[in-house]
Structure formats: structure tokens, C-alpha cells
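Labels run A, B and C following the written order; every chain starts at residue 1.
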Amino acid sequence: MSQRTVDGPQLSRRSALRASAGALTAAGLAGCSALGGSGDVQPISDDALTIWHAMGGGNGEVLQGLVDDFQSETGVNANLVFQDSYEGVLTKTLGALDSGEVPDLAQIDSLFAQQVLATGSVEPVENLLSDSFPVDDFLPNVTSFFSLDGSLQSMPFNNSNAIMYYNRTAFEEAGLDPDSPPTTLAEVRDYSETLVDEGVTEAGITWPNHVWFIEHFYSVDGQTLVDAKNGHGGQPSTLHADTETAREVYEWWRGMAADGLYSNPGIEAWGEATSTFLTGNAAMLLTSTSFVTGARNGAEENGFEVDNAFYPTVDGDRTGPVIGGASWFVPSDLPDDRREEIGQFLEFMASPSAQITWHKGTGYYPIRRAAIDQLESEGWFEQNPMYRTTFDQLTQAEETTATKRMLVGPARQVQTTIQDTSVELFDGQVDIDEGLAAMKTSVEEEFDRYYS
Amino acid sequence: MSSVATLPDRLGEYTEQMVAETGGDTRDGLVERLSLHALALGAVLLLVLPVVVAAIVSTKPTGIVTSVADLVPGRSGAANYRRALVGLGFWRFMLNSFVMAAIIVVGKLLVAALAALAIVYYRLPYKNLVFLVVLFTLMLPVPVRFVPLYRLVVELGWNNSFLAITVPYLASATTVFILRQHFRSIPSSLVETAKLDGVGPLRFLVSVLVPMSRGIIVGVSVIMFVYAWNQYLWPLVIIDTEGQQVAQVGLSLLRGQASSGEIAWSMVMTGSILTLLPPLALLVAFRKPLLETFTLQQR
Amino acid sequence: MATREIFENRLQAGLLLFPTMVVSAVFLYYPAIRAVGLSFFQASFGRDDAFVALDNYARLFTSGTYLDSVFVSVLFTAVVVAGVMAFGLCVTFLIHEVELGKSAYLIAAIWPYALPPAVAGLVFLFLFHPTLGLVTSYIEALGVTVDWFTNGPQAFVVVALAAVWKQIGYNVIFMTAAMNNVPDSLTEAANLDGVGRFQRLMRVYVPVMSPTLVFLVVINTIYGFFGTFPMVDLMTKGGPAGATNILIYDLWRTAFQFYDFGFASAKSVVLFVVVGALMYVQFRLSDRYAYYGG
């Protein structure tokens, strides 16, 4: 700026601006650095627990019901705030942890667990539970993912796997036996061909193009997706895209798409996929076990009989699905009275009765053995075979490194790379080996950048 | 004063004029004029139809429209709009948008009027530099600065507040520009008279400039309202909670719900029409001042 | 103009300018400058900022996604600008030539100015939806499979269509004003010379309207790069496989999905330079080609 001395007031205004800009920069840079100090953390609301979640539609209503029950039972106020998607919750939570104005609980998807843990700004939920709380009563397959060094970091709440739903009525119309659904990729293809040739549906199968489904193809085939024990044994550095599993899956996918047997709903298009299935455009659907209740209701509305079956294997050998769904994370350094109330909430949500209500209303697993025992004694699983199937898929799974969902830092980048390259692969835009190699290189770069 | 007797003459004159205008045989001219109308109508229909279809779909229960024959207005109009507004809470999104737009319009007008007043009617060294500094902000649209802006706003503690979605918009290069152009077109004789009368700057603004700028003020207000109402990217970034979200982003929530089959697509159209109505109403009501303001902006 | 400057109190002037300057400084200039600064760092949530000098910029050249995004954006903007100007000019001309119902046609042509881009995106998403779309069934009757959730070029076309459609209104407003300013004498002269309508439009009107047209090219370019974000976000989310990943969407995703703030800042700086350069080039061209004479 010029150095004219004539402009009295103007010059002082300019230097005032410069000074305030300088102050802001300093404040800004200070804000840039990682949050280490305690006492900086403030809950969003003074008189209620703020709970950020991603449960929309019917599941959201069940959650609200549970929260209402919690409020009437304990007298603690709680506000559920819907953030549209797990990605939405993640972004807001990371921003909140950075700025210091935090929710009391955030529902973080298992894919993003590593990123949140890496901030160092969350408290292991085990510290918030009362001593008498039976931590051993949790299902081991579920809790092992969410624990570090034996200590439970976040409270599992809505956990699920992917599973295959199919339209029994369509099967019958096409001359297929609804009691023996396909179990391998090749069988899925055969069934699809029959369904489409008979003109019963427009496509055989659909599923949202989300990395979770690739993870399942791998885990069911006993193959880890990344190295370092799928990220649980250290920092992963590469993607296992150059394996038999990958090649078989993508070649199958490409063939299905080319022959019109696969309907593409879009990237991460959960809703579009279920719509495609419910409106009868596709006879088979791969999606979450949390959709059981929705599937039942939707099928009724659309006039067909629905059923589910284990996720198809690549070639007949089945290891098991990966855990999905989310858990409650709690920011650290909250005041003690808050922590107590949060502990009450966590215990309530993990109580057998809440778990049973949640399971029946959605399809997510009850993670407490006590809850499962009660459901079994009620005969619930006998009367509701679809819920039984989802459960069996979980309990019959082998516990190996492949069935522990990957733990990666740059989760969103890896997810997007895999999803975008998948489109190129199944649409035939690139050669299979080329596409897989490109995917591998990109992911390696992302790991390198994140972990260095 | 025209009498019946001159009617044939006037008719003759008129016909001659028509012939001259169409450059020849009236029959050809008629065909040409009709085809012009047909083309114009066609073009305008293309511009209007998509939204007309949307409006029709918004009255249907499901929104499954497979052929033009289905385009009969449905019966669920009232139910849909009520559900969107109340059941899905769209009224809150609209209210937030209104408040945001209103604050921005009033705020920007005030701030820009004061600035234009200073730039045009004050003797100030480096005045042009100041004006350029303001104008240059046109080169700094939201995308160029929104990452640090996000951090700044969060540090100020403004996330999820109306402050975040109003204050950053209050310095408007285009508004200052338009007002400056307009002020400069006010006859200097008026200005000199005011000076002779010893009028102070604020009195001058209120009693001289404002009455002379009514059209422009209305025009600029409509422009600013439409701009504010249509903001999508910044509210998307800075507002997390549904309670504070604006209508534009609320639409993407509706879309998500429709994709997952929780609500019918017709509801998305209902939300869209609701979001469309306020700026459209303003455009239609104030098109004359708006058009004047636009042509002023060009110079 | 000296006679207008009736006030001399500089303190008052300063106070009057203060709100504008403060807001400009704090919310426009400061973040823009900080964006430049941040572009030299690697910054994300929960980790300290690390100085990486020009690394982020080097990454831009090696990032396939980014380079694709540049290509897509340039192509997209070019298509949108061309489409909007061409169709806008035709509509304006038709309205100009028609004698009856001018104001009705005008309102019908201008109204998309008020249309929120998000609504434009949603309406087109719905009309062209691969399974539910109304227009889809007619297009498929012509033998084309509508599959723009997978097919990149198709997705590009649908989004571009929505973008062009929305922007025509704004252009018609200015083009009408400019066309109405063409002296009648020119029109009469053209008619006397027996010049056809289309020739009259291209040879006489367009040159006379050129300052406005240049202005509109600039505005449409900015719209093509920035104003089309809602459409991409609502219709394709940059996909499929980056076919509609315009620079502004790529930038948003880098910042708010990947939390790669340093890299995102580098991208914003580049975007600023690109748009600035484009605008400069266009202004220069306008000096050369615009016909200001009467």
C-alpha cells in the first residue's frame, strides 16, 4: 500500500485492516494445528445431548423412538440431528473436532473409523461405561473390529453385512426354484439370463456401486483387500487388485453389464438400487442386512414375495462377510457430568431391550448375546426366516484377517478410486488388467501420501 | 375525430403498411409471420415445458409418468404440498432462505449505497483505486476462497448461524457498480442544488438519491434476492443442521429420500416448485425495473 | 464530473466505505490470500499443517483425475457457452421479429433467470431418469438406450442440457435490450436491400450487438465453470467415472470429501488464474472485434 502521509484517516483505516488481518491469520494458523488442549472442547447444546446420525427413513423413525424412550426413562434430554449420510456425519464430526464445538455422540461408519481415531480427539467408550456393564456380552465378531488393544474405542450400534435379496415371485414366473437361490457368481449369471430371457424382469441383479460390495466379494473369497492384515496390523501400503479374486469378480461384472443382466443404479446409490428391486426392474439385490424390514414392507406394497440368501461367492468357497454399519464415537475432554449422561445413553442403546427393538424395526444385528438369546427363545427367528438368514451369515463366518473390514486412513479417497475405476471396468472402458493396475497404483499413491 | 367515411382509406393505408413491412405479397407475408410465431412458440415451449411438467407431477401421488398421456394434473396436489411443507419440514427451509435473502438484500443495499455515495459524491484521493479494489472482488467468487473461508467462519464460531450465510455476501461489487453508474446519471444540477442548500450526506441520500433511484433500487433488490435465494454451494459447506439449512440444499435432501424410495418423486417436484416460486414471483412482478437495471449494468 | 463531488469530509467517506471494505477484506481478500498460502501446505483435519512448497502444484500435473477434470470443464463450458448464445440469440431474434404477443413471449423466455440451478438439475434428473424419466421413454423409442448413470458422454450431454436451458433466460434479457437498441435505420436499409432475415441477424445485428455479446460470453463462461455446481451435485456427482467432474466439483470434493485442504487450495488458485486469464483474453478480444460505432 502507498506511503502517502496526507491521508490521515485513510491510512489509519488501512493499517487497522492490516492489523486485523494479521490477527486473524495468527488465529487461523493457531486453529490449523491439531487440537491438543483440553478445556477447548465445548458441547453444542447446554441442555441436551447432541447426537449426529445418518439413519434416514424408517430406520430413523425407529431410532427416534429409542431416543424418546431413553429420555423418558432417564430424564436426560437428547437431540437427534440427521446428517444425511455417513459421509455427512464424518465431515461434520471432523470439522467439529477441529473447531472444538462438538456433538456428544457421532455415528461413524466403520469405513471411516481409522480417520476419526487418528485425530486423537475421541475417548474410548469403555471409559464411559459403568463398571457393572457386561462388556463380554457383546458379539466378538462385531466388537473385535471396534477395539484397539482390547479396549473398546467406539460403541457398536447398528451393524450389518451385505446380503442378497431376491424376488421369489419373479423366480417362480421364470421357472426358477425360489427355494434354491444362486450361491455363486456363475449361478447368479445363469439365473439372470433366465429371468431376462423369459421377460420377467429387465435385469437380473443390481447393487449400489459402493466399495463395501467389492470388500464383500473379497472377504467371502477369503482375500484381504489391502495389506498389513487389512490395515489392522499396521499401515497399509497397497491394494490387492492384482489377484485372482479381483480378476474373476470384474470379468463377471463386466460380462453381466455388457449383456444387460446388471442394472447400474449409480455410485453409492443405495436408494436407487432398492427402488430398482422393489419396482421389479431387477430380481436380485445386493444390499445391507439392515434393509430386511424395508424389503418386507416394500415387497408387500409392490405385490411380490421377497426372500434373502447368503452373499454370492466367487467360486463356491465361502469365508465370510465383512462387518459394516456404524458405531458411536464420543469426543474426548467433555465435562464429567456430560460423560456420565453419555455413558447412560450408550448403555441404554446397548441394552438387550433396545437392541431387540432396533433389530426388529430395522434388520441390524443385535450385538448383545442376551438379546439374541431372548429373540431365540421367543421363536423370532423361526417366524422371520429372513432375519435368521442374516444372522446365520454372520455366525457361520470364519474369523480371519479377510473378514475384518479394512482399516485405512484415506478412506474416502480409496473408496472413490475403487468406485470410479469399477465403472470403467464394468462398462468395458478399459482392459481388465489395465484397470486393476491403475486402481492399485492410485491407491498406493494415496496411502503413501497419507502415511508419510 | 375519425369518421366512418375515412375508414376505407385507413384500412387501405394499413394494408399497404402491412404489405410494405412484409416486403411483398400479403399471403407470403402471412405464411412467414405464422412460421415465425410457430418457431417462437416452439422455442418458448422448450423453455417452459420442463417446469410445467414438474408442476403437473407435483400434484400426482407417485410421480411415475411414462407418457405424455399421463400428464394430467393429479389429485394429490394439496396433499403433496402440505406434506412437503409440514411433514417434511420444507417450510423451515423456505423460511431460512427467506430470512437469509431478506437480510442480504437489505444489508447489501445499505452497504453498497453508502459505498456508492462515497465514491460518487465525495472528493477523495485514490477514489478510483478504492473502486477497483471493490470491483476486483468479482474475480474472487466463492470457489476460489471457500476452503480458508470455511475455516475462518468456523473459527469465528459462526457455523450453522445466519451470520455465516449473510455477512460474507454483504460486500457486493455488482451492486456498488450499478448504484455508481446510476448515481452518475443523476443530473449534476440537482446535486449542486443540494450542495448549495447545505444538505448533509445522509439527508442527501435519503431525500435526493433514493427518490431518484426507486426503479433501480427495486431492480437491484430483485437481482440480489434471486442471487441470494439461489445460493447452493456455500450453504452446503457451512450449514450442517437441517434446522438452519436453506431451501436449495433442502432439495438435495428430498432427492436423497426419493432415491431411496422413502418418498415419491412427485414430492421432489413439489419441493422444486416451492423453491422456484418466490424468485419467479418477484421476476414477474418487477420485470420492468429489473430489465431497466440490467441494461444499466451493461454500460 | 467534478461538480458531483459535493462532499469533502474524508472521515465521513471512510465511514461510508468501511462496511464494504471490511467485509471485502475479511471475507473475500483474506481467504483468497490464505488460499494461496495454504496451497503450499499439506493440511487436513486432526493433523498439523506440513509445508510442502510446490508439491501440491506438481501433483496437479500428475493427477489423472485433475487433468481429466480440466478437459471436461473446458469442454463443458465451451458447449454451454455456445449452446446458450446460439439458442439465446435465436429466441431473442424470434421475439424481435414477431409483432404480436412480444411481451408474453419475452416473459416466457426470460423466466429461467429466476430458476434456481438446483431445481433445473432436479427437473432434468427426473425427466431424463434412466428408469423413471418421461423423456427417456421417447428417446428409447428412437432406439437409443438411455443409460447416463453409466455412460459418461450421455451424462455429460444431460447435464450440459440442463445447464444451457437454465441460462438462456439471462442471456435473452441482455440480447433483447441490445437488439432493441439497433437503430431502425439499419433494419430498414437491410430490408430495402432485400436482405433475408437470417442474414440480417448475422450480418447486421450481431456486429452491432457485439459489446453485449462479448459481455455475455464472459458471464456465461463464469457460469459454466462455477454456476453449474448444483446441477452436477444433484445429477451425477461428478460421475460416471469423472465424465462430469468439472473443476469446481473436483475442488469441492478434494476439500470436503477428501479433506485435502492444501491440495484443494492449490486447485482454487489454479482455477482463479484460469478464469482470470479467460476473462482477460475475452476483454482483449472484445476490444478488437466489438463494433462500438453506430
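Remarks
In this text, a residue touches a chain if its C-beta (ideal position, glycine included) is under 8 Å from a C-beta of that chain, and two chains touch if they have at least 3 such contacts.
Everything quoted here is computed from the prediction, not taken from an experiment.
Comparing chain C-alpha centroids with the centroid of the full set of protein C-alpha atoms picks out C as the closest.
For the pairs A-C and A-B, the count of C-beta pairs in contact is higher at A-C. In this assembly, the C-alpha centroid of chain B lies 16 Å from the C-alpha centroid of chain C.
If you average the Cα atoms of chain A and of chain C, the two centres end up 37 Å apart. Chain A and chain B have Cα centroids lying 41 Å from one another. Chain contacts: chain A has residues 7, 10, 24, 28, 32, 95, 98, 269, 272, 275 touching two or more partner chains. Touching of two or more other chains is recorded for residues 10, 21-22, 26, 30, 34, 256 of chain C. Each of residues 148, 151-152 in chain B touches at least two other chains.
Residues 2, 4, 6-7, 10, 24, 27-28, 31-32, 56-58, 81-85, 88, 92, 95, 98-99, 101, 269-272, 274-275, 278, 298 of chain A touch chain B in their complex. Note for the complex: chain A touches chain C at residues 7-10, 13, 17, 20-21, 24-25, 28-29, 32-35, 87, 91, 94-95, 97-98, 115, 118-121, 257, 264-267, 269, 272, 275-276, 279, 281, 410, 412-413, 416, 420-421, 423-424, 427, 429, 449. On the chain B side of its complex with chain C, the touching residues are 23, 33, 36-37, 39-41, 43-44, 46-48, 50-51, 53-54, 57, 63-68, 70-71, 110-112, 114-115, 117-124, 130, 133-134, 137, 139-152, 167-168, 170-171, 176, 183-184, 188, 191-192, 194-195, 201, 204, 226, 229-230, 232-233, 236-237, 248-249, 251-252, 255, 265, 268-269, 272, 275-276, 279-280, 282-284, 287, 291, 294-295, 298. By the touch rule above, chain B contacts chain A in their complex via residues 125-126, 148, 151-152, 154-155, 157, 159, 240-242, 253, 256-262. Taken together, the chain C residues at the contact with chain B in this complex read 1, 3-10, 12-13, 16-17, 19-24, 26-32, 34-35, 38, 87, 90-91, 94-95, 97-101, 105, 107-119, 122-127, 132, 134, 137, 165, 168-169, 173-174, 177-178, 191, 194, 211-212, 215, 222, 226, 229-230, 233-234, 248, 251-252, 255-256, 261, 264-265, 268-269, 271-272, 275-276, 279.
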